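Submitted below is the structure of interest, expressed as C-alpha cells.
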Amino acid sequence: METSKQGLVVSAHSADFVWRAGGAIALYAKRGWTMTVVCLSFGERGESAKLWKQPGMTMARVKEDRRREAERAAEILGANIRFMDLGDYPLRVSDEALFQLADIYRELRPEFVLTHSQRDPYNFDHPLATHVAQEARVIAQAHGHEPDTPVLGAPPVFLFEPHQPEQCEWKPQVLLDISEVWEKKRQAFELMAAQEHLWEYYTRVALQRGAQASRNSDRKIRYAEAYQRVFPQVTEELA
Amino acid sequence: METSKQGLVVSAHSADFVWRAGGAIALYAKRGWTMTVVCLSFGERGESAKLWKQPGMTMARVKEDRRREAERAAEILGANIRFMDLGDYPLRVSDEALFQLADIYRELRPEFVLTHSQRDPYNFDHPLATHVAQEARVIAQAHGHEPDTPVLGAPPVFLFEPHQPEQCEWKPQVLLDISEVWEKKRQAFELMAAQEHLWEYYTRVALQRGAQASRNSDRKIRYAEAYQRVFPQVTEELA
Amino acid sequence: METSKQGLVVSAHSADFVWRAGGAIALYAKRGWTMTVVCLSFGERGESAKLWKQPGMTMARVKEDRRREAERAAEILGANIRFMDLGDYPLRVSDEALFQLADIYRELRPEFVLTHSQRDPYNFDHPLATHVAQEARVIAQAHGHEPDTPVLGAPPVFLFEPHQPEQCEWKPQVLLDISEVWEKKRQAFELMAAQEHLWEYYTRVALQRGAQASRNSDRKIRYAEAYQRVFPQVTEELA
Amino acid sequence: METSKQGLVVSAHSADFVWRAGGAIALYAKRGWTMTVVCLSFGERGESAKLWKQPGMTMARVKEDRRREAERAAEILGANIRFMDLGDYPLRVSDEALFQLADIYRELRPEFVLTHSQRDPYNFDHPLATHVAQEARVIAQAHGHEPDTPVLGAPPVFLFEPHQPEQCEWKPQVLLDISEVWEKKRQAFELMAAQEHLWEYYTRVALQRGAQASRNSDRKIRYAEAYQRVFPQVTEELA
Amino acid sequence: METSKQGLVVSAHSADFVWRAGGAIALYAKRGWTMTVVCLSFGERGESAKLWKQPGMTMARVKEDRRREAERAAEILGANIRFMDLGDYPLRVSDEALFQLADIYRELRPEFVLTHSQRDPYNFDHPLATHVAQEARVIAQAHGHEPDTPVLGAPPVFLFEPHQPEQCEWKPQVLLDISEVWEKKRQAFELMAAQEHLWEYYTRVALQRGAQASRNSDRKIRYAEAYQRVFPQVTEELA
Amino acid sequence: METSKQGLVVSAHSADFVWRAGGAIALYAKRGWTMTVVCLSFGERGESAKLWKQPGMTMARVKEDRRREAERAAEILGANIRFMDLGDYPLRVSDEALFQLADIYRELRPEFVLTHSQRDPYNFDHPLATHVAQEARVIAQAHGHEPDTPVLGAPPVFLFEPHQPEQCEWKPQVLLDISEVWEKKRQAFELMAAQEHLWEYYTRVALQRGAQASRNSDRKIRYAEAYQRVFPQVTEELA
C-alpha cells in the first residue's frame, strides 16, 4: 500500500491555520494527502479575548476550549493536529522544542510547509513561529542531527497571509484557487466562536484574492488564498 | 487541426534571447509550441564590438551580419524571429512601434512572455524593452484598442537573467530545468562569434542555476535558467 | 467673503477618482472645501469594456458616455471636474499639458493633492499620471515659471490605493475614516454601470481598510480609504 | 479631577531619550501631559567613555553618575523617569523584565510610545530596546495576560532618529516642530557632560530637520525632531 | 608632457555642483586633475527665486547671472565648466544633447563621474540628469557609436547627496574627507548670493558627514562629502 | 620590531572561510598580515554529510576530522585558526562566548573583519555568526567593557558571498582581485574532501566575479571575491 503524500502547517496559535491556510489544507486533504497542523501554542493569552470575558475563567479552561475548537476545525478541514503548548504572548521556543519540530519534519517528510509571514509588528509570535519552522527544517536536513534517521530533502515553504499584509513586508506571490473547498473553510471558521468578528474579514480576504487570481489568469476564480515563497520555484513549466 | 500554443520573447538586441532565454525557447519549441522572438534592434551599435573592429565596416553590414546570426540561432532553438530595427544605444520606441508590438500580442495570443529585467545600470535598452513589452501587453488588453480584434488575456511575464543580476534589482524566483535542451542552447551560443568571451560566462551561469535548482528541489538538475515573475502565480498546486 | 479651501485630485482615467478617492472627496466637500478632479483621459480605450461591446460603438460616443458618468459621479461627491482628454492606453502627456496642469496648481493652490501609486504593472497610465501630477507641482513652485503668478507652496501629496496594492510597491500609511460619507461614495460607484463587477470589490476594500483603521486606533471605524504619503508629515502632534 | 494624558518613552540607555526625543518630551510636558521615560540600562559600559577615563572609576559610580544626570535631564524636560538596570553592551532582557514593561504599559495607558530605530549596525542595544518595547506593548494588549487588569488599546509607536539614519534603514516620516521647547532640550543636552562632542552634532540635526520641516510645509520652523511610524496613521484629516 | 587625469561632474542646474560636489572637485583639482563640470541648465526657472524677485527681470538676464556665478564658483574650485542650456523645471534632454554628452565622455575619458541621486520627489530634473549622465556613458562605451573614436572604458559613477537624502532612496556609501579644501568650498558657496539660506544648511551637512566619517574610521575628519556608488568597487584593498 | 597588521575572519563553520574568503585571506597573508580565522563551530552536524555516511562515525571523530581539515586549509592560506566549538545546526552563542570574541577583537585589533551575510534562508547559523561578530565588535568598542584594556577602533566589516546570493539580500559591493593567490585558494578547497561537489561551484563563482570585476574596471581580472559592506567607506579617493 502506498503512503499518501504529506503537507505540514506550522501555526503559532491554535486558530491561525484556519483563517490563513484552511483552504490549502482542505484542498490537499480532499486530494488524499495527509495534512498535519502543528500548533505551537493554544493562543490562550493573546487570542482568546472572548473566553477571558467569562467570569471565573482559568488558563486551563481557555487552553482546553481552544484545543477542542482547533481539533474540530482540523477535522472539518481533514487534517491531523498536534499541540506543543509552548505558551503565547510571548511564544518561547526552547532548543528541545525546536528538535521536536525537526523530528516531525523527519517523521512526515512533507512535500511542502505552510507558515506565517517573516515580519508582523502586530504579533511577535507569528514571525518567531516562522523562524522556528525554518530553523527546524534546516536542522532536519543536517546529516549529523540524529544520524540514524534519513535526512529531510528540500520542501518548499509558503508563507500565508498575515492580518495586515502590507505592514508585514509580505507579498502575494502565489494565488491558490480554493473555491471548491470554500464551504469547508467557512465552516471551520465558524467554529471560532471567540473570533466571530473575523468571519466576514477573512471571507472578504478570500474574495479579494479570488478576484485578483481571476485578473492574473483569465480564469474565473471566486475564492483564493495567497502565499509568499521563501525559496525559488523549481519547475519544468513557465506558467 | 489544432493550433499550437504560443510563447513570446521580447529581446532588446538581436542576441539577448540566446544567452538569456535560449533554454526556455528550445524547451517549448521541442514541446511543439510556436516560439516567437521579437528583436527590437540588432544591437548594431552597442553589442557588435568585434564587427566594428573590421576595417571598412558599415552600419548596414553590421545589421545584416547580426540579423543573419540571430536568424540562425533562432532556427537552432526552433523559434520564429522578427526584427523591428528600432536602433540601439539608445533604443528608442515610438508609439507606432508600441502599437505594432501590441498587435503582435493580439496576433499570437501568447501563453507567456519573456523579457529583460526592470533595471540595468549597464544597459538602458534592456529596461526600456521591458517597459515597452509590458505597456504593449496592457494596450493589447484594452477593449478600445482596435475594437474589432479580440482583446488579449493576462499572460504571465517572466524576466530573464541580466548580466550582473544583483546590480539589476533582479531576483531568481523561478528555476527552469533546461538540461534536455542544453546542447541546442550551447550550439546557438556558438553562432555568436562576435561575443565568444560570453560563451563560458553563460555556460557557468547555467551550471550555477542548475546547482541551485538541485539544492532547492532534491532533484538532480544540471543546467537551468532563472526568471523573475512580474505577476503573482495563479495555481492549483503548491509546488 | 472668505474663499473655501481647495483640494486637488489628479485621476488618470475618468472613473479612478471614484473608486480610489471618492470618500476623501465627499468628506472634504461636506466640510465646505472646493474639491477639483482633473481627469487626464476618459479611460475611453482601456476602461470602457462594456461600452465597446455595444454594436456600432465609436470613440466619440465612448468618451461622451464616460464624461457624463464622471460628471454625475463628481456631482454626487460634491466635486468640480475637468477633463484634459490626453488619451489612454497609452496616456501621453506633452509639455503643454504639463504646463496646463501646473497652471491649475497655481490657480487652485490646493492644501493637498491626491493621485495614483508610483508603480503599477497592470496599468502604465496610473504611474505616469502620478509622475505628471508631481512634476507639475514642482514646476508650479518655480519662481521662473510664469514669474507674474505667485508660486505654489508645498501641498502634501497622498497616493490612493491601486487595484492590487502589494504588486504596486504601495503601502497604506494613512487610513482615513470615510464612514460618514460612505453612502455617497457607494452611490457614485453605482453610476459606473460599465464596471459593475468592481462595486463589490471596492466595497470590500473600504470594509477591510475600515477594520484595519479600527485595529490601529481603538476607534470603531466601518469604512476607510488608505493612502501613502510622498513627503514627510509636518506636524505639531504625535498621533 | 481629570488625569492628564500619558506618553511613554523607552530608552535603551540613560541619555538616549535626551538626544533623540527631548523635544517631543518637553513639548508634551508643557501641554500638561505626564511623560514617562523608561531607561532599560544606564549605558554604563558603552556610553560613558569620559567617566571611565577617570582613575579608579567603578561600575557602581558610573551607574550612579549616569542615573543622576538622566534624572536631572528628565526634570528639565518635565518627565518622570524609571530605570530598569538591565545592563548594556550587551543589553539583555529577561521575560520577567518584559512583563514589567508590559505592566508599565497597562499602568500608564500611554497615547503614544517613542523608541529607537529597528536596525542599527553601530549599536545592538537600540534595536533590542525597540523589539522589547513593541513586544511588551503586544503582551499588554492580550486579554489572557493578567486577566484582571484592563488590556491596553493600540497606541501608535514612533521611532526616533538614530545617530546615522541612512545606515539604520530609518526614514523620517514625521517632522515635529520643537522650536518652542528647543532651549529646554539644549539645556538637558548640556547636562551630558560625558558626551559634550554630541552637543553640536544634535543641534545640527535639529536645525536640519527644522529646515526640512519648513521645506515640506511652507511654515517657518527652526528646530524639529524626526520620527518614523511603525503603524499606519488613523486620521480624519489629510494634512 | 603627460596629460592630467580627468574627472567629470554632470550637474542638472548651474549651482548643484557647488553644494553637492564642491569638495571633491576642489580636492582633485588641487591634486592636479582636470575637473570638468557640465551644467545641463542654468536653473533659471526653478533655482533663481531671488533674481526673479527683482523688478523687470528677464529670462536672459537670469541665465546670464547664473552663468557668471557658476563660472566664478568653478574657478574658485579649480574646475572647467560647460553649459548645455537645456532648460529647467522641466529639464528636457533631446537625443542630440545626449550624444553631445556622450562625446564629452569620449573627449575627456574621465576616471570617475559625479552626478545626482536616482530619485528625488522634490526635483524631477535631478534624477533625469542622472539618467542622462548614465545613458550617455553607456553610449560612449558602444563600439558602433562614432566608430572612429576610441570607446570609453568603465569609469565609476558616484551619486552626490540630495537635499533631503532619506526621501531620495539615497544612502551614503562613501565618505570623502574634504577638510583640506573646505575653505574653497565655502568660498564657492558664498558666491551663490541667490541662495544664502543654503550656506548654513550645507555647512552643517559637511560637518555631520565629517563626524560620521570620524566615527566610521577612527580618524579625525572635520568636513566630508557623501556619495553613493552605482557600480561595485573593484579593488585590491579591503579598506 | 614592528608588528604586522591584523585581519579577522569570523566563520560559522570550519570550512566557510575557505570557500568564501580564502582569496582575501591568502592575499593579505602574502602581504605580511597576520590573518586569524575564528570558527564558531566545526560544522559537525550540518556540513559533514560525507563523514556521517561512514559506518560507526561519532561526533568526536567528525569534529576532529573537520578541525584537521580546517587547520590544513588555514595553513595553506597562511592564516592562524581558532575554534570555539559552539555547536552547529543550530549554532548557539552564550554571552560568555560573545565576550570571548570581544576579547579576541581587543587582542588582535584587526584592520578589517570578514564574516557572513546578514540573511540566509538556507542556513540560520550564518546570519547568527554575523550578528555575533558585529555585536562583539561593538562590545569591544565600549569603554566600560574590561576598562583596563584599550578599546577597539572602528574596523570595517565585509560580508562574504553566501551560497545563493540573491536569496540572502546580499549584494556584491566590493570586488577583490584574487588572481595572484587563486592557486592557493583552490588548493585549500581541495582539502575539503567531504564537499567535493562544491569545488567546481566555487571555482565558477570566482570566475564570474572575476569577469564582473573586469567589466566594472577595464582591468583584466580572472578571479575575484565579492563582498558587501556594512559601513560606509571612509576614503580620500573616489575610485
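Labels for the chains are A, B, C, D, E and F, by order of writing; each one numbers its residues from 1.
The rule is simple: a contact is a pair of C-beta atoms (placed from the backbone, for glycine too) under 8 Å apart; a residue touches a chain by one contact, two chains touch by 3 or more.
From a predicted model like this one, the values you see are computed outputs, not experimental measurements.
Participant: Which chains make contact with chain C and with chain F at once?
Facilitator: Intersection of chain C and chain F contact lists gives A, B, D, E.
Participant: Which number of steps is the smallest that gets you from chain A over to chain F via touching chains?
Facilitator: 1
Participant: Could you work out how many touching-chain steps separate chain A from chain E at minimum?
Facilitator: Each step joins two touching chains, and the minimum needed here is 2.
Participant: Average the CA atoms of each chain to get its centre, and name the chain whose centre is farthest from that of chain D.
Facilitator: That would be chain B.
Participant: Using C-alpha centroids, which chain lies at the maximum separation from chain A?
Facilitator: E
Participant: Return the distance between the CA-based centres of chain A and chain D, expressed in whole Å.
Facilitator: Computed value for the inter-centroid distance: 37 Å.
Participant: Where in chain A do residues touch two or more other chains at once?
Facilitator: Expected reply: 122, 167, 172, 212, 215, 231-232.
Participant: Every touching chain pair, please?
Facilitator: Touching chain pairs, listed by label, are A-B, A-C, A-D, A-F, B-C, B-E, B-F, C-D, C-E, D-E, D-F, E-F.
Participant: So in the complex, the part of chain C that touches chain A is made up of which residues?
Facilitator: Where chain C meets chain A, its residues are 122, 163-167, 170-172, 200-201, 204-205, 207-208, 211-212, 215.
Participant: Per the contact definition, I'd like the list of chain D residues that touch chain F in the complex.
Facilitator: 44-46, 48-49, 52-53, 57, 59, 62, 88-90, 92, 121-124, 167
Participant: Inside the complex, what are the residues of chain E that reach chain F?
Facilitator: 7, 24, 28, 111-112, 114, 153-154, 156, 158, 172-177, 212-213, 215-219, 221, 224, 226-227, 229, 231-236, 238-239
Participant: Within the complex, which stretch of chain B touches chain C?
Facilitator: The contact residues of chain B facing chain C are 95, 98, 131, 134-135, 138-139, 141-145, 147, 151, 230-232.
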